[in-house]
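What follows is chain A paired twice: with chain B in the first complex and chain C in the second.
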Partner chain A sequence: MDFPPSFILPFTIGLLFISVFLVIIIGIWISGLSRIDKSRIIHNIFTRKSLLAIRETFMESLLHRKIFRKNPVLGYMHMSLAFGWFLLIVVGHIDAVNHYQTFSVPAYKAIFMRYFVTETATTISGKILAASMDLLLLFVLSGVMLAYFKRLNSRIFGMRKTTKLKMGDRIALSALWLIFPLRFMAESVSAGIHHNGSIISQPTGQLLASTLPVQLLEMPLWWAYSGALGMFFLALPVSRYMHIPVEVVMIFLRKYGIRVQKRIDGYSRIQVYSCSRCGICLDSCQMTHAAIKDTQSVYVLKHIRNKNLTDEKLFNCLLCGRCQPDCPVGLELNNLRMTQRIESTKEYNSSYEYLKNGPIVVSPQTEVIYFAGCMTHLTPAIIKSMKEIFAVAGVKFWFMDEEKTACCGRPLMQVGQYEAAKKLIEHNRERILASGAKKLVVSCPICYKVFNEDYALPGITVQHHSEYLLQLMADKRLPVNKMPLRVVYHDPCELGRGSGIYHQPRLLLDEYAEVIPIKNEKEAAYCCGGSLANIKIQMNERNQIRDNAMEEYLGYQPDVLATACPLCKKTFAKSRNLPVHDIAEIVYMAIRQKNAERSGKTKTMKELKIELWGS
Partner chain B sequence: MKHIVIIGGGIAGIETASALTDAGHWVTVIEKDAQVGGKLNNWSYLFPDFTPAENLAGSLVQKCSEKDFSVLHQTEVHSIQRQNGKFNITTSDEHQLEADAVVVATGYDLFDARRKEEYGYKIYDHVITSADLEQLLLPGGDLTVAAGKNPKRIAFVHCVGSRDEKTGNHYCSKVCCITGVKQAIELKKRLPEAEIYCFYMDLRMYGKHFEELYREAQEKYDIQFIRGRLSEASEKIDKSLLIKSEDTLSGRPLKMNVDLLVLLVGMEAGKGTANAAATCGIGCEESGFLKTTDSFLKSNFSEQEGIFLAGSCTAPMTINDTILHARSAAMEVDCWLKKQ
Partner chain C sequence: MKNFGYTVIKQRTIDYDQFDGRLLNEVLEMEPSFKVCLSCGGCTATCSANDLVSFNVRRMNLLLRRGETVELESEIKKCMLCGKCMLVCPRGINLRNVIMLIKKSILKYKPVNS
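So, the complex of A and B:
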């Protein structure tokens, strides 16, 4: 029996090591899933969802479609490396199968085929495959070249920032960068010796043979190539390239309906390891407007992996979610941070034992429960507008938190106090259910999100007032009056990205004023900077974030900045450059103006503006 | 004869003008309103001794008529150019003035209480500011609230727009503590049946007779002082107000129903001062008030030679402090002109 040459050892050892390692680690993670999640895998594995996962793996892990859309050069770089390498492996094996005329070709014979095959391809299929392999290697090399340039200057790629590397990453990165140039050199030298090769390796080989002692170089080059491969596999577990195998697993589990829970589990670990540290999330993070540059999602995930995350970084985040739509891997960045916050504050949860519900007496004709929220109590113009609108529409409502009510629980949840929040939730839930009303209208998106997601309220519709007012208007219970006001609408984080409500506020506003479309809106909308989720940020840093957003809005020269969140309103109102109003105030103002017209006391826009919010 | 132009005809402006005229200079005051005196005209009685504000305003008017300086009413400064050591000033009505020195005495603005929306100013009927209350304290002022009744319980909120990071004003406005004490006593005199509460962070009774007045408010007039900042106010159907706070001395949350809520609004540098800073090319502090070159010995000097500062355009000041600062400005201008 022929023993294979010794240079295949580094590659073979590396491949064995990584295969065993991955099987074990992914096995541990999957066994750490909840029972429900495990049954999700069992129920879905032999369904169409697996096919969809394969498709997504192909589109995202290989073609990198999302990065392509955002930045074509960066997309090409990732695609040439990932898809190119993938094709090299696949086509290489086909080439080997074709050459040896057997399906049981060992991996090393395919990977190092040009070493073993000393004759020129004679069949047409052999020639085509050899040429394809040369072209594919060229394709990958072009990606490697781009990667070199990116390290030197990330700005060429339109990225303002890129991530820093640690030791394991450096080793893996160096190995990755060496693999393909070494393969090219080794193949070319062998081609030069044996006078074979294809469209690129043949001329390169001849050139090398005429200038260098190729016989002497052949063995060291194949060793080096195999060594680089082995080194890459060995360094993979401690490098960011772990994302390559783990992301595939993540895509399958996600397709099966598994999501990040409010605890650290196997899936949250899989998500953490799926981060490629591409750094795209850095560009969309507004914390950089306040010169805070070390708390972004990519760093937090890195620190989670390295087990050195500090509370200083964990809590210095607005949880605005602006990084999430940009993540090419589609990671649940906010939820992953939340798992850590819950873990970090476990011992501080208050019992709230003093909360006791007395008898709840609500008139049986009550149509709507109105919950303004603590923040709305700090912006009474919104409450006043809502009360007037209820009166105009003839809605019988119960003002649940008019005087004394527990907090909705969301601010506690945002800082990880999940157990404490559950107590508040249970307390409020009892009151809501006891009222007998079937609709809960909320003025604050922070409350809205928690009522919607974490309160079990069977038979009760929860609506933010922007949805509710739109419905009242559609039901012709509210008069319509389009005012000549130019309005920029600021999407509140918890309502927009947090709850997916982008259109209702715009549709409503459109009936009462002119909404100007702006660059950073909907999914890309700015955070006002006032978020309750950040307990580390300084006031002046909040102001910088707010001013940066305000500057863009002022560029559109609106009459009013409209929003649908009392906290956003309060945050922006502080900057004094532009009147800021909640959507409910604008509706109320329009109705008042219409009534004034009817009674013959038509007011000019200017008078109305002065009356409602000063000149 | 040297010509000095003074921007602003409030207490500081008129006092500087009067002193410089006495020193033998030719003085012109540029005043944006129809009358001199500035915000003094809005007050009824002055702390700490309840002097009628009109007495002091009257003496300012008297100085204007008796002394030989001119006042350009309803006029604002459009631009100031420096040429051959002189200031060429263009006014809003296109007048040209040439001055050897300029004194900025543009004063302050009151904090716009609508920016503290949680207190409901201009949203609720019976939330007023200390400036609104001054008008009501004049003889014949109507203090009744809903249904024509006198308020039974009244609360004052200190530090509205002062010492408050959330409104962006970190500084103390100096006059509101004692204004609150003065107004509480005046209200108690007018409405002996009413309960009066003052919500404060701490009380800064630094001036002559201030502490005595504060003691009198407690002992003689039974005014209650509660250490705690108001968090929010809401209006009930009967138009009374439910206020929430914390009594930080007893460490308890507190709720109270009041018929009238008075917001003691602080001072801000204001538009006039910002405009003056822009036209004169002089710097502002982070607070918006004008920068003086030295806080001890040169508190009347701006960053531009020949441009001097007087009164509350440099920092919140009481009337007494303003008069002293204005006189010292006059002296500095006089000395500087003599050296030229």
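So, the complex of A and C:
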């Protein structure tokens, strides 16, 4: 048996190292899953879900469909590198199997095949395979070229910003950039020496053989190629390219129904390592409008990996969720941040003992409860409108938080204090259940989300007032009056991306005013900047974020900016550029207008507003 | 003797030689906007917790500045973090961060014998 040449050593060592490393680390993560999650794997592994996961791996990890949708050139770059490399490995092995006529081909013989093969392919299959290998390498090289250009100017690729790299990333990136040009050179030189090669390596090989001392260059080039591969494998665990193997595991686990929990576990670690640091989340982050450039999801995940996440960065995020739909890997960015917030604040959750013996209003028996929310108490026009609407529709209701009521608990949860929030939730829940109500109408999306998701309220429908008013209108319990108002509707984060309510407020507004469709709406809607989830941001920074959103809205020249959240209203109202109204207020004004018309008068917007704000 | 409800006021002298300003300094360093508080009391007037129990954000400020850590610790636990104070504050102080900073750091600076 003849010994393989020594240049395969760096590659073989690298491959062995990374294989052992991955088996160990992924084993540790999977053993760190909860019992339920482990049983999910066992129950689903031999079902259709695994096939779906393979399909998703192919579509996203190899073809990068989501990045294509964002920008075709960026998508092509990622696809040529990932899918091209994948095909090089697969076709390369088929080529080797075809050449040696055996299935037991060692990896190095396939990877460095052109070094070992000294004759020209004679069979048709051999010729086709050799030609496709040449074309595939060209395909990957085109991606590498684009990657060089992207580092120089990321704007061509539709990305305004690109992530900063750390040492491990630089080593792995340099290795990745060198692998394919070196492979091309090495294969061409060998083709030049042996006078073989295919459609591309043959002419380049002949050209090199006629100009350079190819005999001298051959070994150094194959060494360099093998070295670059080995270097890439060795740097993989400390670089962002760790996402390549981990992402595949993550896709399978996600298909089995495993999600990020309210704690740090094996799956949350897998998600953290699945981040490719592509930086696409940077573009959608509004914090950059306030010149805050180091707290975005990509950096937070990086700091979690490096175990150097500070509170200043962790809590400097609006949790608006704008980055999530853009993430090509589909990571649960908000939930991952939440796990860290819970961990960071778990030692000082309050117990709110005073709720047990405080002055509590006894729950009256009622069908409908109205919970305005803390924020709504700072926008009394919304409460006034809701009271009027309830009266017009003839609904008897109990105004639960008119006085002496605890907060819903969501603001505590947003900063990670889940244990403390549970105390408030229990307290409010008892009061709600004691009333025997069937319906809970909420004016604040922050409260709505927590009532909907974290309160166990059997037999009670929780509705945001946009849903409730739409229902009243459909039941013809509310008069309809389309006013000549051009309205831009601002989707509140907690109602839109947070609870998936995009259409109800629009359907309602359509009956009372003219809604202008805008560019950044629904899933891509802006945050107003007032979010309670961020406890680090300064007021002037909030204002910058708000002004940036306001600027876009003003471009549509609306008469009114409509929203469905008291906090958004309060935030935008401070900019004084445009009248800001909650949808309930618009319904109120339309009803008042109609009543005035019946008695033969018309009211101007100004008169209607004075009525709204007056006592 | 007839009890008129009057008692001797408890000794409330603060010895500034013993003053422990570490918590105050840390809070002011991490949240400088708190330096501009003018003690108007808007935060206390709107406070959701104050509606249920005696909780005074302005008094919290005073306790912090006097270094009365023990009283401060029992006060600070009452906050529900709803954020109304922040919206009414005329100086735009990031009060929720102040509360969280105190909550987090007070364990570090609490006197051992308390």
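In this section, the second predicted complex is superposed on the first by the 593 of 615 C-alpha atoms of A that agree within 3 Å, B and C clash if a C-alpha of one lies under 4 Å from a C-alpha of the other, contacts with A are read in each partner's own complex, and residues count from 1 in each chain.
Basically, a residue touches a chain if its C-beta (ideal position, glycine included) is under 8 Å from a C-beta of that chain, and two chains touch if they have at least 3 such contacts.
A quick note: this is a predicted structure, and the numbers were derived from the prediction, not measured.
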Considering only the touch criterion stated at the top, classify A:I383 as touching first (chain B), second (chain C), both, or neither.
first
Could you let me know whether more residues of chain A are touched by chain B or by chain C?
C
Going by the contact rule set out at the top, does A:P411 touch chain B (first), chain C (second), both, or neither?
second
Taking the superposition on A as described, I'd like to know which of chain B and chain C A:E403 touches: first, second, both or neither.
both
For A:A573 in the superposed arrangement: first (chain B), second (chain C), both or neither?
first
Give one of first, second, both or neither to describe whether A:M539 is in contact with chain B, with chain C, with both, or with none.
both
Jot down the residues of chain A that show up as touching in both complexes, chain B in one and chain C in the other.
377-378, 403, 539, 570
Help me check something: in the complex, which residues belonging to chain A touch chain C?
311-312, 315, 345, 347-348, 350-352, 354-355, 358-359, 374-375, 377-378, 403-407, 409, 411-412, 415, 417, 424, 530, 532, 535-540, 567, 570
Chain B partner contacts - residues on chain A that touch it in the complex
377-381, 383-384, 402-403, 539, 543, 570, 573-574, 576, 613-614
Under the touch definition given earlier, write down the residues of chain C that touch chain A in their complex.
30, 33, 46, 48-49, 51-53, 77-84, 87-88, 92-94, 96-97, 100, 103-104, 107
If we count contacts the way the header does, which residues on chain B are in touch with chain A in the complex?
112, 114-115, 117-118, 120, 122-124, 165-168, 231-235, 242
